[in-house]
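Next, two complexes with chain A in common: one pairs it with chain B, the other with chain C.
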Partner chain A sequence: MRKITFFLLATIAGLVGLFSYRTSFGEAVPQARPAEAATPSPAPPPTLVAGGRTVDGDAIFTEYGTVQVRVTFAGERIADVAVLQKHTVHEHSLVLNELALPQLREQVLQAQSAEVDTVSGATATSRAYLDSLQSAIDRAHTR
Partner chain B sequence: MPVSLHLRGPGLDSAPVRRGVEAVFALLRETDAVFSTYRVDSDVSRINRGELAVADAHPWVGEVAALCDEARERTGGWFDARLPGPGGGRWWDPSGLVKGWAAERAAGLLSGWDRCLNAGGDVVVAAAGHPPWRVGVEDPLRPSALAHVITLVSGAVATSGTARRGAHIVDPYRGSPTAEVAGVTVVGPSLRWADVYATAAAAKGVTGLDLLRGTGYEGLLVDRDGAARVTGGFGRAPR
Partner chain C sequence: MTPDRFPLPRPRDGVLGRAVTAALACATVLVVAALWLSDGGPAALRADGTGLVTAARLTGLVAADMLLLQVLAMARVPWVERAWGQDRLARIHRLLGFTSFWLMAAHVVLVVAGYAASTDTGVLAQLADLVVRYPGMLLAAAGTMLLALVVALSVRAARRRVRYENWHLLHLYAYLGVALALPHQLWNGAHFVTSPAACAYWWTLWGGAAAALGVFRIGRPLWLSRRHRLTVGEVRHEASDVYSVYLPGRRLDRLAARPGQFLTWRLRTGRGWSRAHPFSLSEAPRADRLRFTFRAAGDDGARLAGAAPGTAVLIEGPFGTLTEGRRRGERVLLMAAGIGITPMRALLEGMRYADSELTLIYRARSAEELVLRDEIDAIAAERGAQVIYLPGPPPPGRISWLTAELAERYADHEALTHLVPELSGRDVFLCGPPPWMAAARAALRLAGVPARQIHDERFGW
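Here is the complex of A and B:
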């Protein structure tokens, strides 16, 4: 079955404000401003896999910054996931990155592709990670 | 916030689909322009500054205001868009309802196609005669893991939570943030109401799923210690 995915990043940038749940006052929730927030860290060298190929996922903007992953495929299997960009906006997001991103990588490698079509959740970090991952998988399957 | 739209089935590379997808994102952009509390020029911001009356605003504003009132009644006051504002006043912030309302309306523009629209973790799907969509529910205490997988032919899944982003849901009765609940996921026919019920249940606390009784919506609640509760029909056969 054919499946295509649309990501519209300009819209996402605009919607960050509306859709981040700020339902209390006195706490500042930083907004992503993609033009400035997307500060790519140097891309890590892809893991060397015999016959492997790498595909970059979309850069996903969240209220805490930008997340983008690079997936290394060995045949149909995911051999590695590297983080190209991670949240940079807020100290809180750095804590999330330290905790969440390595766990997410392990999870993906164990599960060998998401067995779900999408994920409902309240955590911006894992949403962005999975969206970037999904786009890389879609891209790998459509070329 | 990420918005992703997945379509599947034959005939997707066509002009009607492209126009439909453009319409979806155009609607979401317009929603943001009208309702964002982060934009000083949005209708909601102008209303909160006293510069604009609801009657003179975009027609969506009146519709959403009426839905917010209905949401307050349906949840026994546990969903309330009138947040405590600075100086002891009230501040109108319909964001908790607008997200589901807009995503649901946007996905409706693609009726006729198998679709899955995920707006920042709130999901609306439809599958006409195809395998149901599989919607993972993030474990609120371990975001790298799934707490559950919901198979859904048509309907909505919404999640509210406090675990990873701090207490940002306000108890409307006490006016203070609530933190008893790590996350609540609600499944049902309409995303706007699934979203409202999830927010209201998280605000109410560990007994929040009581709000779903008789509504046709089912829920999964994880408290801050990791204990899970579900309603009687949660996880039954796909609908």
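Here is the complex of A and C:
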């Protein structure tokens, strides 16, 4: 019985320790920003294009949340892609957003189409982004 | 021809109960597999860069489900106990335990490798990131370590070195490990975060398991102990290190214990009272008294043997399926070795049989170790049972159910045919040390007794 009391107290102490950590109640610890980004990097400014017009893509629902983009066209050219909604469901989605969304934007601006490679490991995010983008392109052309 | 003097009970060997519980268990695995499928599992498995993480999810889900089943297998739910018997449940628990542990290990490796690959991070950095930042992951890491500890201690080589009581105490950490691993599933698992139905299902299942534990491992034993108020009436020394404990109590007919069953006993002596011992009833249970007989091994045996009259007793049970319910025919052979006589002694008294339909073979290492012999003789004389005592050392160099003396003259199965008339038609109930039971079972099979007529329980501690 003495042994049991000892184990019980040690276990309770361990649990108190564990539960005093912030993630133990369902919270996530935000990602640490790399040093160069310590100054809040301004959101990619909506490129001001003379005569540019913006078209919103469809909101794409996936198991990780919703993704929607806004495309700025300068004539026929894709001048910019901004993200209106992105995956939020779990911590790893946020990591993948940071990683994949800028990369996708670069590729799209270069290729001037939604037909670019998905980012490895972020397939769902990429597909949703590109689908939303494609719907915006289609809409722009049918206007 | 045996006239129909008494109705034999319908064999209640639990086939239906086993089928139903096994089907339910399989259904829970199918549900998690369906969850994974509905989220596009197989497609994501092939997709660029998400294969590892998708496989990790499947292994994690199945591992968690098996952890749940393992808890339920040990929850002492009465109808599950009746269907399977505690010995088989313990073996299933062990099998599920090791399987789920390896699935869990695969889950950890796959998640870390998959996330590391997709974010271009080192494996160790990714592991640290997961544990430190993701919700519920510190708990899950602690839970994993507890489960790893429990599994390591349960590997046979390690288990032999730890005293049972200590091993059992540490094994309880598995509950904590399982519970600590649960939150991260609900907070990070995409299925549970996005689908309220899946989330509700998971909560229901785990809530149900926790409730079953509370009711059947804690509530019911306490309630039974209170209702029957068993106390130590007398501890009687039988032979060398064998003792019988007589336990008067109230309304024991309501306990519905049957001959051949065992209970888990906690004698509330001072220090060490919390240690529970499973011992068979060594006489047919009466409405006002139970009795168990045990071999006092170790210091805890001395504590039990020294229990003062009036000591309160907590019980769990009754457990075990080595009862008349397994019986298929009229003729019976009981075979006991050593302290394995206890349930056979209860069956000898409590079974239904007519003159000369029952034979008891009782093996012991010496005539002095044939405990309970006087009462066995008395019952046999009254009921017309045949008793064959086989005292003597076992043969050197081979494992046999016989004494050395008989083993010189007969093969194992020949001895059986010589000793027991009409052997092949009998139901045989076996109890003794596991190697002895294995030898006896082999001899019975060779002598033509069908496997379905051989009844035993194998506890492997």
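Here are some notes:
Just so we're on the same page, the second predicted complex is superposed on the first by the 88 of 143 C-alpha atoms of A that agree within 3 Å, B and C clash if a C-alpha of one lies under 4 Å from a C-alpha of the other, contacts with A are read in each partner's own complex, and residues count from 1 in each chain.
Assume a contact is a pair of C-beta atoms (placed from the backbone, for glycine too) under 8 Å apart; a residue touches a chain by one contact, two chains touch by 3 or more.
Note that the coordinates shown come from a computational prediction; the quantities given were computed from them, not determined experimentally.
If you count the residues of chain A touched by chain B and by chain C, you find the higher number for B. In the superposed pair of complexes, A:60 makes contact with chain B only, with no contact to chain C. Shared contact residues on chain A (touching chain B in one structure, chain C in the other): 1-4, 7, 11, 14-15, 18-19, 21, 23-24, 27, 31, 63, 92, 96, 118-124. Of all residues in chain B, those touching chain A in their complex are 1-10, 12-13, 21, 25, 28-29, 31-33, 35-39, 83-86, 91, 93, 95-96, 98-99, 116, 118-123, 125, 130, 133-138, 140, 142-146, 149-150, 157-170, 177, 183, 185, 199.
Contact residues of chain A toward chain B in the complex are 1-8, 11-12, 14-25, 27, 31, 60-63, 92, 96, 100, 103-104, 106-107, 114-128, 131, 134.
Contacts from chain C toward chain A in the complex involve residues 39-40, 44, 47-50, 53, 114-115, 117-120, 132-139, 142, 166, 169, 173, 176, 180, 183, 187-191, 193-194, 271-274. In the complex of the two chains, the chain A residues touching chain C come out as 1-4, 7, 11, 14-15, 18-19, 21, 23-24, 26-31, 63-65, 89-92, 95-96, 99, 118-124.
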